[in-house]
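In the two assemblies presented below, chain A is common to both, partnered first by chain B and then by chain C.
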Partner chain A sequence: MIAVTRMLRLELRHNAMALMVPVVVVLFWFTTYRRVMAMPPLWNLRAADLQMYSVVDFVTPLTGAAAWMGSRESRRRLADAVLITPRARWARLLATWAATTIWALVAYVGCVAVVYGMTAGQVAGGGPLWWPAAVAAASLPAFTALGFAAGVLAPTRLTAPVTAIVAFFVLVLSTELIGHNGHSYWQIAPIVSVAWNTGSNPGVATFYPYLPDLSIAQVMFLAGVAVTLLGTLALVGESRAVRAAAGGVTAAGLAAAATAVLLVGTSAMDPHGMMRIPALHDAANDRPVQFTPVCSHAAIPVCLNPAYSAYLASTTAALEPVLNEIAGLPGAPARILQEAATYRVDSRDGEEVRPTEGNTNGEAVYHLLLPVQMLGPTLTTAQTASQVKWTDGPDIVANFIGAGPGASQAQNAVAAALTMVLGRVSADPNLRADLNGEAPGGPGPSELGGLIRGTAAQSAAERFAALPAQTRRAWLASHLAALRAGQITLSQLP
Partner chain B sequence: MNTPAMTATGQATATRLATAARLLRLYAASRRTPSALAAIAGCAIALRVALLGHWDAYGALQLPLVIETAAATVVAATVASPFGEPERVCGRWLPFLRLAATVALTVTATSALVIAAATGGHLAGGTLDVIRNVAGITGLGLLCAATLGGGLSWTGPTAYLLPGVYALYTQWHGPALTTPWLWPARPPHDLGGALCAGLVFAAGLAVITMRGARDRPGDGE
Partner chain C sequence: MNENSAMNVEITGLTRRFGSATAVAGVDLRAGPGVFGLLGPNGAGKTTLLRMMATAVSPTSGQLRLLGRDPAGYGPRREIRRRLGYLPQNPGYYPGFTVTEFVEYFALLKEVPAGTVRQAVATAIDRVGLADRRKHRLRTLSGGMLRRACIAQAIVNEPELVLFDEPTAGLDPQQRVTFRALLRELGQHATVVVSTHLVEDVGAACAEVALMDRGRIVFQGTPDELMACADGQAAGDTPLERGYTAALDRAQS
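And now, the complex of A and B:
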């Protein structure tokens, strides 16, 4: 044991990967750290992207360094000199591989510690998620084994660069080959952390636990690949007993890797946006995560999942003008509560996200689906607030008044008038410019409520919106029931 | 009718040519040039096969970049000398051989990739993109060979590959990286990117021509 430790210590001191650690750290900072830390402070987003980017950061330097170490004995013409040492060749090679892997893991753990440490200080709940970090960690021994085996078996001056670039090429290619196939075997690639076609999504793994199914299969595959590659090193030039043992190890590794690939072929996106593999799935992970929502102190509280607490102030500010208008009136919602998203794959339209519960007129709780939970590009806090303002604001009013298709002209006019209020005020002066701007692709204030410019309904809406807030409120308090019943005409609006 | 003097001159010229040819052949063999040519041919074939696919926007630029980097590392790997100091002392023509071999291999690598793409495939960046990328990344490899040793010349190009691929990615998933030092992400006709790549190639070529790769035990194998 002492001899093994000493050999490992010697290998650690004379390892090319030690020299590559600064390179890896710089690459990690340049591509992963800056990108991940620029994301909204959500564990699911950051952990998923950390897995993808860090694997890409490590693959080339690590595989190259491992190939360089693997070809060392041949390069320095030491093969004959070390042949007479009492230690078996396989054990000697494994010590070099282990030292290379240890250096890579040290660098990786340091990088992950920084990202997770910083994120822990910014995020209120929902993590940390360890499975994505574990998959990236498991990929390091596999990459080392790949490069090392190539270096031992084909020790030429071109081995290190060719192996490093081929490994990178296969990784990049795998993402291209997944395509739109949700059952693609290429999802076994360790850079895949979420349903590939939906990408990293803030709505995933917050209301429901992170599903480790795909991660388990990936770790199984990577371990199998590493064991297979290391086993092949002992199949030539060793004693019969060692060859037999190596044969068994190689077969076991191959079986594990093949099984993992087959399992990934059975995967599919579940309603919570994560990859489910039936054979690896734990039903306990289907239960929603219990949490106490964080609520604002508005006239009608806006309550979000703690993981989204960074959006609370801006969301409240976006909805506050409308909430102030209707708070305390009969039929107004008692609170605005964020809800989980439901993901589904449509055979014609691809992946889509819908609210799990939806809203009905006059309900005591308005269910809010934040725009960041939808598919699409990652939004800033201000963009999210702007979209909430122009989608949920009018929706809350419509539910309250009962406006919409089939409603009376007066209902639609009042709903439009209350929605126009959104365009005038914002409680948070810092957000005023963004919130009062038009949502990308959204309606302008004059088009709200589906009213046509120049019609009597639009004139009535503008007239009602121009009233002082107290007057509007007093009129609503006394006429709301009749308005909802469709008994008020446009001419009766003040 | 040949006079004895003319015959002697002709024989001397023929001898010099034969010597030069032998010198070139031995130099190429010592630098594993045949292996490098085979690897470059492999890169060209890989590019042609990759172009059979219908890649999405940045994949169509990333995959060729990976192969261009492979070709550039192969060129840079050939500068390692198996002889070290004795060759430096005795090799009067060594700087010229290093210059000629490196330029010839770079041109060969670029031509091979362009020809491979021209045989029916669609190369998203075009010919200028290949020339710029191969030259610039080869320059990085040459600089690494001069500082770290010929055997480790691959470290620079492979390390640069990731920022290059990432910069291409950011053109679609912003914020976009637009510095000309990340020339793979610049448009093919971009002057800044071409100047940076050309500068790196010129610097690498100059250093390798004058000093050669740093000698390290086992680098020339």
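And now, the complex of A and C:
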């Protein structure tokens, strides 16, 4: 044991991967750290991207360094000198591989510690996701084993660069083969952390636990690959007993890797946007995560999952004009409550389904889905608030008034009038900017409610919107039931 | 102790072919403790014979017994390797290692008991005269010093069978003299086989010598017997060189 420790110490001191650590750290900072830390402070988002990009950062220098170390004895003309020593060849090679892997893991753990440490200081809820980090960590021994085996078996100076380049392209191009098929075997690639078609999505793994099914299969595959490659190195030049053991280890590794690939072939996206593998699935992970929402002190409280608390102020500001209009009136929601996104599992693209209004514990609740929970480009806080304002604001009003297709002209006019209020009152400078047309997709006030400019309904809506707020509230308090019942005409509107 | 038990190298009809080329053709050789010189021109088969004796390559045919064991089996081969020292013709090295680290690395590979590694390394480095360079990286050493560092790795396990392939190549005259003293010292306890084409090394250090040509041993005897082979027409500056040339001419005629 002392001898092995000393050998490992020597190998650690003279390992090519030690020289590559600064390169990897710079790569990581340049392509992963800056990208990940620019994302909203959500564990799910950052962990998923950390897995994907860190593996890509590490694969080339790591595989190349391992191949360089694997070919070292031949390149340095020491093959004969070490061959005629009594220590088993596999033990000698394993020490070199282990040193390479240890350096890689040290670099990786350092990178993850920085990202997770910084994120821990920024997020308001939830905890770090360890499975994505574990998959990336498990990929390191597999890639070192790949490079090292290539170096041992083909000990030329070209082996290292060729192996590094091939490993990079195989890794990156493997995801191209996933396509739209949720059952693709290629999801075994360690850069896949969530349903590949949805990409990293802040809507997953917050309201429901992160499903480790895919991660477990990936770790199993990577461990199998590493064991197979290392076992292969002990199949020649050893005693019969060692060769037999190596054969068993190699077969076991192959079986593990093949089983993992087959398991991934049975995967499918679950309603919460994560990959589920029936044979590995733990039903306990289907239960929602218990949390106490953080709520604003608006006329109607806006309540979000603590993980999204960074959006609370802007979301409240976006909805406050509408909420002030309807707060306390009969039929107004008691709370605006953020809900989990639900994914259409039969959809090839896994688009989310918006929640509907409903009752929670007997109180009227409007269920809110923040735009950042949906698929699409990452949004800033201001962009998120803008979309909430122009999507959920009119929706809340429409639900409250009963406006929409089949409703009376008066209902639609009142709904449009209340929605126009959104564009008139805003304390948030970002939201005011949105109203000036700076935010993409923000509707102009004249288009609100689907009313056509110049019509009687539109005139009535503008007239109603122009009333003092207290006058509108007083009128609504006394006429709301009749308005919802379709018994109010446009001419009866004040 | 009878004669057979003292023979650390027993070779009978040893042959090694590489494709259609025969590098070693039916060599018979026996060597006990002492320094044994293996002479011969380039391409005579010395290195291949030494590599077979080092268990680096296996013979195509013939019998090979080293330290009383047959290296064909894994267990005996491992035991032989534990008691073997080998300096290849073109010894490699890891440039980033210090002299101490390089020799320690081989001590660990040779399964020198963990408790004695440090002392064994220091002793080996002292014996090759590199004590003052022990902390220097190999890439900073001269060719002669590198050669000595490689000799240190070969003897770090106090081997009973030492195989040196062209050990004095690259050494300056003073270093060669020192090295010959080391050979004589090693030969007191071990069988040392030295392959060389420098006949003065043989004359100075070897008790017995074999001359190889085209894969065969064409002469075996003492250096004095080799000198006696010289006739009046053989080329050479020293009696041993003239004996070497005469024996070789006789084999090739």
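The working rule: the second predicted complex is superposed on the first by the 465 of 494 C-alpha atoms of A that agree within 3 Å, B and C clash if a C-alpha of one lies under 4 Å from a C-alpha of the other, contacts with A are read in each partner's own complex, and residues count from 1 in each chain.
Quick note on the criterion: contacts are C-beta pairs under 8 Å (C-beta built on N, C-alpha and C of every residue); 3 or more make two chains touch, one makes a residue touch a chain.
Everything quoted here is computed from the prediction, not taken from an experiment.
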{"item": "Clash or fit (per the criteria above) of chain B with chain C on chain A", "value": "fit"}
{"item": "Contacts of A:76 with chain B and chain C, given as first, second, both or neither", "value": "both"}
{"item": "Which superposed partner A:156 touches (first chain B, second chain C, both, neither)", "value": "first"}
{"item": "Larger contact residue set on chain A - chain B or chain C", "value": "B"}
{"item": "Partner chain in contact with A:14 - chain B first, chain C second, else both or neither", "value": "second"}
{"item": "Angular separation of chain B and chain C about chain A, which is computed from CA centres of the superposed model and rounded to the nearest 10 °", "value": "40"}
{"item": "Which superposed partner A:183 touches (first chain B, second chain C, both, neither)", "value": "neither"}
{"item": "Chain B versus chain C as contact partner of A:84, first or second or both or neither", "value": "second"}
{"item": "Contacts of A:27 with chain B and chain C, given as first, second, both or neither", "value": "first"}
{"item": "Minimum Cα separation, chain C to chain B, after superposition on A (Å)", "value": "6"}
{"item": "Residues on chain A lying within both footprints (that of chain B and that of chain C)", "value": "72, 76-77"}
{"item": "Residue numbers on chain A that touch chain B, as the complex places them", "value": "20, 23, 27, 30-31, 56-57, 60-61, 64, 68, 71-72, 74-77, 155-158, 160-162, 164-166, 168-169, 172-173, 175-176"}
{"item": "Touching residues (chain side chain A, partner chain C) in the complex", "value": "2-3, 6-7, 10, 13-14, 72-73, 76-87, 92, 238-240"}
{"item": "Residues of chain C that touch chain A when the two form their complex", "value": "51, 54-56, 74-75, 78-79, 81-82, 84, 86, 88, 90-97, 101, 104-106, 108-111, 114, 117, 150, 153"}
{"item": "Chain B to chain A touching residues, read off their complex", "value": "32, 35-36, 39, 46, 50, 53, 55-56, 59, 62-63, 66-67, 69-70, 73-74, 77, 80, 150-152, 154-155, 157-159, 161-163, 165-166, 217-221"}
